[in-house]
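Labels run A, B, C and D following the written order; every chain starts at residue 1.
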Amino acid sequence: MNNAEQIKETIARIFPDVETVICYQQGFDGLHATPYFISIPEQVNKLIWNPLCAQNLTSYLPSIKKKVGIVVKGCDSRTIIQYLQEGLIDRAKVVIIGVPCTGVISVKKVLREIGHQPVVDVVFDDNGNIVVKTQKGEKRLAIADVCPDKCTTCQYPTPLVYDHLIGEPIASNKPKEDVYKDIREFDAKTLEEKRAYWEKEFERCIRCYACRNACPMCICQDSCIAETREPHWISQRLSLQEKFMFHMIHAAHLAGRCVECGECERVCPMDIPVAKLKKKINAEMKELFNYETGVNPDDKPPMYTFNVDEAKIKEHKL
Amino acid sequence: MRVGVFICHCGNNIAGTVDVARVAAEMRKLPGVVYATNYMYTCSEPGQEEIKQAIKKENLDRIVVAACSPRMHENTFRKTIEKAGLNRYFLEMANIREHISWIGEDKELNTAKAIDAVKMAVAKVMKNKPLYSSSFKVNKRVMVIGGGVAGMQAALDCADGGLDVVLVEKSPSIGGMMARLDKTFPTIDCSICILGPKMVDVAQHEKIKLHAYSEIDEIKGYVGNYQVKVRKKATYVDWTKCTGCGACMEKCPTRNAYDNFNFGVAPTRAINIPFPQAIPKKAKIDPAFCRQFTKGKCGVCAKICPTGAINYEMQDEIVTEDVGAIIVATGYGLFDLDKFPEYGAGRYPDVITGIQYERILNASGPTSGHILRPSDQTEPKTIVFVSCAGSRDKSLGVPYCSNFCCMYIAKQAILTKDHVPDSQSYVFYMDIRSPGKGYDEFTRRAQEDYGVKYIRGRVSRIYPKGKKMVVRGADTLLGTQVEVEADLVVLATAVVSAPGAAGMAEKLHISYDTFGFYVESHPKLRPVETNTSGVFLAGACQGPKDIPASVGQGSAAASKVQALFSKDMLESDPAIAQVNTNACVGCLKCVRTCPFQAIKEEELRNGKKVAKVIETVCAGCGVCTSTCPCGAIQLQHFTDNQLLAEVNAICQG
Amino acid sequence: MSDTGYLPKEKIKDFLKELAKDAVVYAPCLEGDIVLFRPFSEERTLCLDRPANTPPKSVIYPQSETLFAFQYKKAPEDHQKMSVELKADIGVPNMVIFGARPCDAKGFRIYDRVFIETNTPDPYYRKRRENTLIVTLSCAAPSPGCFCVAVGGGPAHKEGSDVMMTELEGGYVIEPVTEKGRAILGKHVIEDGKPYLKDAQHVQAKAHDEVRNPFAPDELPKISQSLFNFDGFWEQVVGKCVSCGACTYLCPTCYCFNITDEQGIGSGERVRSWDACMFFHFTLEASGHNPRPTKFQRFKNRVGHKFIYYPEKYEGVIACCGCGRCIRYCPVNVDISEIVNYLKDTHQELHWASSRKEGTQPTVGSTKDE
Amino acid sequence: MSGVAGKELRIVGFLCNWCSYGGADTAGVARFKQPTDLRIIRVPCSGRVDPLFVVKALLTGADGVLVSGCHPRDCHYTDGNFYARRRLEMLKRLLPFIGIDEKRFHYTWVSASEGQKWQQVVTDFTNQVHKLGPMHAKKESEG
């Protein structure tokens, strides 16, 4: 793939300025890409770049102290901007290789299409399709049909921040007003429906914290209050109440910070739509403070600032 | 853990509507509670003694007192348990009086609610940790904001007590409202004659530093260590050179400048000294009227000034004063006349306010003490005083009594008779409020000796008829309509909070009520303290007050400051934020939200970056705790676990 | 009665209903797009065509269980006297796990050694284990990432199961494994399976050949201690790990737990809940010290536990059943079989050792090709 | 267990020490009668109120939660209630999304001198929660 070659070339050039480059390599089967940490330029030959490279690699940045190169898509770049807003990374220590993206693949959606069969081979054709071969035959799927939900309303296909751009920038062709359409539709349901929905979804949660640990903005990690006794917000019981509370903690702590990368949902082994809560809050942040996460490094996350007169917050009457 | 619970009857205040014995019995069932009792007056000496005895006898290590509001007696009981050897933070109070017995009618429900409240307190106290104050140095300088009579008294008392005082006055001269009054009730003393010497004392006191024509820009810090930014407004006259000779004022070609001191009764010059006894007696230019500023040319004063003090280029100057305490004596304002269209105030020159009439009565006023009405400078023979012009009127947003109008109306009526013996004064009143020493006698004198006619009723309308003003109102005693054709009408306009009072409160972090008056710590027992430690109140900024009350408060506030400064070191409130460096991930979101810049970044020996609380600066609000996603920064005494214990006690039972 | 039974596909629901008469039957059911073991009922959709997303371990070893409830009691005559009343309930209904896979069933054998075959058996686990009948379905084909044959198992491995079913076109051949399982053959809907046994054995053998063995030609992987103890190795291979608990919570052989007292006012419960060695809090000590503060050390422990410590203690048995879930559902596709493969390769060891000596960064990716 | 069965619902109140707790005291001193359902937790500042306390209360047994602080600009700690306003508004808008009626949660500003307003707030909010009924019993019937 052309882009892959360009990325490889660029990576070769930025060594030894950086000590590590984070990119992708083939995972355990043809359908999975996995993060790839390169520390010498020769390793670059195993790098891959295709629509399977869905993971947001930027999650690793705050924990890496040395100078690092990283491959980012448009959506991933919002995380970097959010990190900059919150002062969580040193921009000078990151070399960003930006790659404009036309959409990635949701492995979960592909698996659904192929009946969860082990894959024998995966190829991409020139018409935006992924061809998945299994023991039971071959399936040709349009990438647009098996992309994560976030891609369907993507506003930022081209990285918003980068040091090297691979290929030409792409403009979004998705209507801006559709970004929170799903949220509005869900919100239109009755309270009982919504409550029942979440109870059914959260009941499956096994508290593995994959959503939290994969979340680039969950900066607490080892100190997460879901596991501590000091403070002791939730118990070790596996009740719905505790699971619900954990997801509310996750959502509340991401208020005005969630970059909508969808990692939490992508990694959930129980298929819980955990990103939805955060997206709802983002929709409100947009409405209340005209704030969008991860687009402008000079913005202030809305929960850490205030206006003496809030234009959009009206006093509630009883 | 051995918790002791003490349920107070508060006489019948609590026991009347709460079954206190049952509350105590329920508490005895709780694990951890080894002692629970009820007592008639827990705050009384024997009541406190009982707590101390129980701590010793039952070996109690945590105490819950269920009684009145902790805002009332938390400190009392903290001291009690401290005397018995417990850390003061091992006390929790359950407010079963203000929040329960006094507001609920059903004894069963009240009792159930009280049981919950005490249970919550027990749950919390079991999570409490001992906290220890540290001490810090006090800067024994005091700032007094406002140079009226209350502020002057406070400044003088502090200075006489040996404290360095910074007095900040907004207007060009100290003296405040009292300097404008003619005589004072009930003695008919000359106001400026008794105030003048005090003003001079202030000016000459070596311990008092005066910033006149200055305002407060910003206040930072905490008790013992405030940093106040004072804006010295540009006067365009170099006061180090100005001798107050008045030559500039005499020669100033602008003769229509608004006279703030005289409340616009007559115009003044664009450069002026407000009144003869002004302290400091210095000139100042009003750029809104000065031709040099409005037209760009004139310069007369600059030419005439013998010391070359005029400086048209002058800018505001900011000085920072470090002080340990602040006395707020910012006084009051007066109700806006325009809000009485039915009284024609503002439209008819012969309808004036009480304070304007003071200036007319005053020998140093624009009429040199001759009573001349503004419209045609003739001597009025029939004068009508309207009391409660705005006061006690909910519809105007002033439901309260303005405190001293009844008295000054009587005084003005008496003075009117003295000045114009053939005059007749009428007073329309709602009630005569004259509760002070010699006050009632005074209002009677006005009626009995000076023939002032008091009409009980409200004025509905005032309108002109030829050269007269017709005052129409009701006489509720006679049950008739009355009309008086007056030459001059004096409105006793309502006392309101000083302009900008709310903004000042916000700078000081003190509370103000709906009307902009500052809220004292306790309406009975802490009348000059505020809820912000180191900030005290004096005078009418707290509510309408006459001169003796204002002076009394000035002295009271000064004595509070003296008491505060009697120690070299103060104890800090240990209920401040604390960082668990193991849990802190160094995201520093707390640094962003702390309203006091009390958190900074610190690097540990292992290179880990964490938040650090500057103990003396932290005010204990807890914004950081609710900001911190990992619960690493906890406001002591209000930690997540302590509040969760209370939530759980309610929700899980 | 024949030794082999046969369950025609159309009678599978009747069979489950029959089982449900005197037991709670947990079966793999479709929920949205995933498959979970749920108490079976008519409304649920049975899904047997792929392994469930979660193993059935929570049926016998719940993710969170109350060991006992405690309540503080005050003596009515003297409120200073307090006692604690404990209540433990280990009453467990009869249960059936239907449709477990051989790897899932083998997982219970890993637990049995820890919770039952010891001087201090765990009453909670034992009771559940004893009351549960495990009806396993052999795998006709491998699933993504699975490698049971490399760790002593296989797609029709019978260890841990009470009954083994093998799918044929029209039904399931039923082979009892234990005495407890034999009772199945007496159920109404079960027909004689003898005529189908050969077919079933053929299916099983074919499946066995299809499962990958990452450690081939070794029968069981042998781990090189020096490489295992080299920190740099772990930093390289698990740099991408996000340290979540998906691998352990989905693992049929992970059994580490935490015990906490969840206290209310005056009462509470002692709760045993799964813990995950990948979590920071797993080894966090009260002092604040953590002997395994990094994800590298934690991952090393996970591999060590499964491939070194457990086998050392229990006669060489590897505490991994090769189900592949930790690989399939890992957020970043960390592949334990790949890591173990590195660890057993002596060439790798030499390479790692030399890179350590030179003080350079050892690199996994590039050496794999050599 | 809080709340007298059949007569009361469980309402948790978080009141800032300087304004609203004082306002509730003022109401008490003036004997302004109020419904008894409310259980008050004193916090230094409304800025101390993590929205998660509200969630925790609502998920574990409260039928309603009330947060009250100083009026904007009148915070004892200058800015605390400005943060509270943003956080609590966020929560207010999130609750219906998870199926909790936003009317079960109210945040407002009551100063230490506003005893009467406090009485009104407590009365109105209690009535509002009663109109919705118990949250947790309702949940059981739903399930």
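Just so it is clear, contacts are C-beta pairs under 8 Å (C-beta built on N, C-alpha and C of every residue); 3 or more make two chains touch, one makes a residue touch a chain.
Since the model is a prediction, treat every value here as computed from it, not as a measurement.
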Across the interfaces A-D and B-D, which one involves more C-beta pairs in contact?
B-D
If you average the Cα atoms of chain A and of chain D to get two centres, how far apart are those centres in Å?
36
Centroid spacing, where centroids are CA-atom means, of chain B and chain D in whole angstrom
30
Chain C to chain D, mean C-alpha position gap in Å, rounds to 47
Gap in Å, rounded to a whole number, between the CA centres of chain B and chain A:
54
Check each residue of chain A and list the ones that touch at least two other chains.
221-222, 228, 233, 303
By the touch definition above, chain B meets two or more other chains at residues 582, 593, 627, 640, 644, 648-649, 652-653
If every chain is a node and every touching pair an edge, decide which shape results: line, ring, star, complete or other.
other
Considering only the defined contacts, which chain A positions touch chain D in the complex?
183, 186-187, 191-199, 233, 241, 244-245, 248-249, 251-252, 255-256, 277, 280-281, 284-285, 288-289, 302-303, 306-308, 310, 313, 315-316, 318
For chain A, which residues are in contact with chain C within the complex?
25, 27-29, 31-40, 42-43, 46, 55, 59-60, 108, 111-112, 115-116, 118-119, 135, 204, 206-210, 212-214, 221-222, 227-229, 235-238, 263, 266-267, 269-271
Show me the residue ranges of chain A that touch chain B in the complex, using the header's touch definition.
86-88, 219-225, 228, 230-233, 253, 300, 303-305
In the complex, chain D residues that touch chain B
1-4, 7-8, 10, 12, 17-19, 21-22, 24-25, 27-29, 31-36, 39-45, 47-50, 53, 56-57, 60-62, 70, 73-80, 83, 87, 111-114, 119
State the interface residues of chain C toward chain B in the complex, per the touch definition above.
72, 74, 79-80, 82, 264-266, 288
